[in-house]
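In what comes next, chain A is part of two complexes: it sits with chain B in the first one and with chain C in the second one.
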Partner chain A sequence: MTTASEVLSSIQSAFPGAVIDSRVESDLRLWATIDSKKILDVCKHLSSKHSFDHYSGSAGVDWIARNEMEVVEIMASHGTHKVVAMLKVKTPRENPSVKSLTGLYWNASWYEREIWEMLGINFEGHPELYPLLLSDGLIGAWPWRKDFKGYPDLTTGERAVEITTPDGYTEYRFPPTPAEVEAGTVVVERPKYPTFQEREEMAITSDSEMIMHLGPQHAMVPGPFLLDVLVEGERVKKAFLDLGYIHKGIEKIMENRSWLQGITYTDRMCYVAALSNNECYCGAIENILGLEVPQRAQYIRVIVEELSRIQSHLIGTGEFLTLIAGVGFAPWQYMIMDREKIISLIESVTGARLTHSFVRFGGVRNDLPEGFAEQCKKVLPYMKSRTEEFIELFAQDPIYHARMENIGSISPETGKRMGCSGPVLRATGVAYDMRKEDPILVYPDLDFKVITGTRGDSADRIDVRLREILESIHIIEQCLDRIPSGPIKPEAKVPKKLPAGEAYYRVEDPRGEMGMYVISDGGANPYRVKVRGPFYATFQTLTPLLEGTYIADAVAIAGSMDGCPSESDR
Partner chain B sequence: MDGIIEIITKFAAQEPAIFALIIGLIGAAVISGVVNVGAMLVIWGERKVLSDFCNRFGPNRVGGRWGILQLGADAIKLFTKEDIIPGDADKGVYVWAPIVASMATMLVAAAIPFGALHIGGRNIPLVVANMDISAFYVEAALSLMAIAVFMAGYSSNNKYSILGAFRGIARMIAYEVPMGVCVISVAVMAHSLNLVEIVESQTVWYAFAQPLGFAIFVIALITDLGRIPFDQSEAEEEIISGYNTEYSGIRWGLLYFQEYNNALLGSILLVLLFLGGWHGPIIPIPILDIISPLIWLFMKVVIVLWFFIWVRSSLFRLRIDQVTDFGWKWMLPLSLLNLGWAVLIGSYFA
Partner chain C sequence: MLKRKMIKNFSWPLKIATQEIEITRLYPEKMMELPAAERGIHELDATICIGCGTCARICPNSCIEMVHYKFGSPLKNKKMQFPQIDFGRCMFCGLCVDECPVECLKMGKKVIMAGWERKDIVKGPDFLATKKFSAKEVADLEAEAKRIAAEKAAAKKAADAKKAAVAKKPGKEGEAAANGAAKKKAAAAEAKPKEGGAA
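Up next, the complex of A and B:
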């Protein structure tokens, strides 16, 4: 099995002098600072020689004290080995620019666009460096830089002024100088790029084509995002995706909150999977602190997270069914009813239905309530029989097969290349599950299968989700049998200020790979929190999948991704 | 009493045209009342039954726990809403579309027998216009709704609406043909195109005499009514609300109402053609024996409507290309097969 130190020595021998600085955290985590000129070659080397074929994402960090910026490329492998490599590239703060990895990894596009619009780091060779989450007017403000004064200015209370640029755009200047306000004619340096609407209009080639909006307010979308399809009759010729409608800037907000307060923000990223978001954040901080979680707390975490997975899959599947069957479709309501039972179980432990904030650094907030195991033993067998019934129901429905089979098919290779994860990737037949890849909590001790599909189409995605519910039930049953008694929190008090350090922690969210990259500079707040959301990654694959389908299929494909724009926008 | 009848017969003899007009107007008033009240009950029934299927309550506030006055409240709301016509709409067509839709359903209602009264050992049908080709006429008039749908979709000047209108027309063309062939098959067996005679000729229900034709007619009827799994022209998860996206207030209400009018009339047509119409054992109780055909018809229609709602709550929506494929490649050949069967059996028993 490849280990992190082997990967490091391989890089060092292939590219002498390319590794400026390195740290082997464990067998599975490699941190290395790479010479910015060599980064592309190093990545090529890793992907070809060490099968680092999973580009997990990238994070931009503004080190204002060192007057430099850093882009952290996070890479892993689809099952060949379990090493996660964090390759850092440094660039000066004035005109920051690094090489784009889009040529090597298709899905690097969105991550780099986000870093560009938030931090102003230019990516050389990126084919479409357009804003992703921010609106056009905010480009140029670089709001995630550490010297960004906010809107309104946090220090002076000044609000940004609205300025009309010479080319007719409305801009907001942060912060404006008095002279600029006086004059009102500031020449704003605005990056040149076509707007979303212009890009759409450029794609129209004939009079018989039109752009149709599916969103931001539409019965199809699970939350506000704009999916525009260029249609000719019923055929979708091209799709355009615009997100950021509910961009909350959670990553930036967390920099201004204490470590503990950050937990409540992770809840709000995806409210149907709040527990795995909690887990991800807390796990990263435990890594920085070197905290050992007591056994009982680990079991409790696994139980609630698997319960959360069940309810998330139920609502994901149920909502999707309404997209291809209408709201009068009865099984949808049955799923919601069954989900209610699971939610009640979670509520009895955490005290909340959706936003739990239950996981704590090194433990959990409270112990399981009295009689929880008995309650579970009543609900879980029922849930199991119901899920089997649902699987049977869809397997037998000819209309369901006609609508769902071979719709939005992803091949295993495409799935890997596009950076999908979770049920979407597993439906293609790739058994890639963070619970197996990263040995966190008590998952290595538990017996469970990684559910995979065969065709990677919409029907498979639903099928994988439903069968995962059965696996989750199996996991919870094992946990209930094995859970030891003991403490649920670490003995020592968790300090208010964390030691300086950084960690990347991955969990299997109901939607796929959820990763958080947390940096502590020794202060009472996180220096930087980067969230690698699973739906953000899956979302990116949507536009190429839709090309050439029918409008009705577009809905079936987009729905089967189990979308959560709240998480992808953060 | 005799005097009044005498005056009326005398008047009818002197002024046949005016008499026919007056009778027609009375009939029109009666059927529009019956059909519209019936459709309201259908809407209420659908909401309640669908809620039962989905384990919900449905309307349960206005008018007691059964929510029976909910529709009245909804109607008042629709009537008092602001009337919005989109600025870029084709105003004339836009305004007329709901009216054409209502007209289409009233044309159907005119020729459909709503039952019969059992008086003196024979059934007296309750029909306004008892024409010789009423089965054919009703079938033709039912498809007029598609024109209203297209008018609404085209005139709205909206992308979703026009797609809904296209889908509606494509679907109608694909399914009107097999539906018409099924009606012809029934007429061949009954040796008549008159609905009353078709009902009276059913010693064996045509659903049993030609099961294939019955199945095709049910599917085609669901398609014609635009209900799931054939509601592509309105598919709200794809094209918002399809052809009536831009409509609001009472104009939308009229379009919506006509769908349920059609559902009611279509169910009655199905019962008349295939399920023995008002046939059924006469209830041997005074007064009830007179209306017992009506009761049988009512019960059969309720079962048919319940079946439609059941279908809605349990089936997925087909894609429009699958719908037209199925219509042309399966429904039409099978309906022609059924026609051959009807000719064979019909001539054998004649």
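Up next, the complex of A and C:
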């Protein structure tokens, strides 16, 4: 089994002097600062020699006091070993620039685009460094830099000014006005790049092609995003995706909130998976604090998180099936009704139905209520028989088969290369599950299978989700049998200020791999929180998947991803 | 026949409109049973709130404002400041409840809070308080607070006088002056809570 220290010594021997600074946190976590000239070679070495074939994402950090910026590349492996390497590359704050990893990892593209638009770090060799989440007006303001003043006035941070017109109407003036920018009285340096529309038009090569809008309010993924397809006849030749319609800047907001207040923001990244977001944030902070979670609290967390997975899969599947003709409409109603039962179970513990703010540093907010186990024993067997019925129902519906089978198929290699995770990747047959990869909570003691599919098509993705519900029920049943009595919170009070440090923590969200990279500088607020969301990664795979398919299948493909633009736009 | 029908068309809505009817029907028609852990509208035990403002500071949405309220305990809450919550902004996260040092803020099972205007859903301590003192109890408590404050002041004075006497003995000018300053400070510190108690 490869360990972090082995990986480190391998890099050191292959590239003497490339590792500037390093820290082996545990067998599974390696932190290393790599010479910016060698980063590409180091990554190549890691992927070829140590099967770091999973580029998990990257984070940009603005170290304004040290006058430098940092890009942290998060690398892992698809099951060969469990080491996560956090490779840092430093660059000066003036004209920050690092080498792009897009040549090595296809899915680095979106992460680097995001860092570029938010922090202004240039990526040398990136083929399409265009804005992804921000509107064009904000490009050049680098809003996530620590010295960002504010919006809409980028120079002073002045807010919209309310003015009353002579007729008595209220109008808002957004400084600086376009006229002012034009006249050059305010200096707003904007990088040059083709706009989204121009990029689309560039792709049109003949008169028989046209651009078709699917979105921003299309029902195939709840939440707004723009999907434009370039079609020739019924075939999609190229797809264009634009997000950022509901970008909330949660990562930046959290920098201005206390550690505890941050929990409430994690709820709102993806409201159907609020509990795993809570878990991810709190887990990272427990790592920084070195807090041990009491056994009972760990079990409670596992129980509610698995319940949350069930309800998320139910709504994800149900909602999607309404878009697919045939058997589609009936299960939606049943699934949503069954989901209410699960949500009521969660509510009886957490006190809220969707945004739970339940997990706390080193514990949980409430204990299980009286009679919770009995209630579960009523609901879970029912849920189990219902899920089995659903699986059977879909297996025999010819229309469902025609619309779903071999539609949007992903091969295991493509799935790995594209960096998707969760049910989408597992449907291709790759058993990659954070609950097995990262030994968090009591998951290592529990018996459960990682559900995988065989074809990686839309039908398989639904099937994996439904069978995961059965597995979650199995996990909860074990937890209820084993849960010990005891405290649910740490004995000592959690301090208001965290010691300086950093942590990367991963959980298996209903949609896949969710990681949070949290940096503390010893203050009362986080210095940086980076959320590596699962759907952001999956979303990126949508455009290549759509190429060459029929327009009518776009819905089946996009919908079966079980998307949540709210989380990719976090 | 038709005429009668037409008249009915008018009279029926009139009849309905003048009767007390539900304007919006509840759906599901029966309100579901809420669990004990439900995080609904806050409940304040005004008899033990100490007015520390921790809840106001921790609230991520800044929806809590500390306002004056009569029916609390002047013994514990010297300035008689109690939380007022803007439910238009509250997201029912429960952080205020968790951080309250004396556990006087709870969340209950009441969840309906609609109002016609924005200010209707800003609820003061009077609405939130599930436990409060009557006017008479407050008056008694105030008297008690005054008495205690007076007693304390007297005790302090006596102690200070003693200290001053002790300090005077060595007969050093500087020390006596320093003592005098300290005494003034102590007196000022005492005067403050008294004012608060009376307010």
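We adopt the following convention: the second predicted complex is superposed on the first by the 530 of 570 C-alpha atoms of A that agree within 3 Å, B and C clash if a C-alpha of one lies under 4 Å from a C-alpha of the other, contacts with A are read in each partner's own complex, and residues count from 1 in each chain.
Definition applied: a contact is a pair of C-beta atoms (placed from the backbone, for glycine too) under 8 Å apart; a residue touches a chain by one contact, two chains touch by 3 or more.
Bear in mind that the values here come from a model prediction, so they are computed numbers and not experimental data.
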Next on the checklist: Quick check on the superposition: with chain A as the shared anchor, is it clash or fit for chain B versus chain C?
Outcome noted: fit
Checklist entry - After superposition on the shared chain, which partner residues are touched by A:L480: those of chain B (first), chain C (second), both, or neither? => result neither
Next on the checklist: Tell me which touches more residues of chain A here: chain C or chain B.
Outcome noted: B
Checklist entry - When the two structures are overlaid on chain A, which partner does A:Q261 contact: first (chain B), second (chain C), both, or neither? => result second
Next on the checklist: Quick check on the superposed pair: does A:T355 touch chain B, chain C, both, or neither? Answer first, second, both or neither.
Outcome noted: second
Next on the checklist: Output check: A:R365 vs chain B and chain C. Expected answer is one of first, second, both, neither. What do you get?
Outcome noted: second
Next on the checklist: Tell me the contact category for A:E347 with respect to chain B and chain C: first, second, both or neither.
Outcome noted: second
Checklist entry - Taking the superposed arrangement, what is the smallest distance in Å from a C-alpha atom of chain B to one of chain C? => result 9
Checklist entry - Do any residues of chain A touch both chain B and chain C, and if so, which are they? => result none
Checklist outcome for this item: Within the complex, chain B is touched by chain A residues 210, 212, 218-220, 233-234, 321-334, 337, 397, 399-400, 402-403, 550-553, 555
Checklist entry - Quick one: in the complex, what on chain A touches chain C? => result 257-258, 260-261, 263-265, 267, 344, 347-352, 355, 357, 360, 365-366, 369
Checklist outcome for this item: Listed in rising order, the residues of chain C that touch chain A in the complex are 32, 34-39, 58, 60, 91-95, 98-99, 107
Item to check | Residue ranges of chain B in contact with chain A within the complex | outcome: 50, 53-56, 159-160, 163, 166-167, 228-229, 231-232, 235-240, 312-322
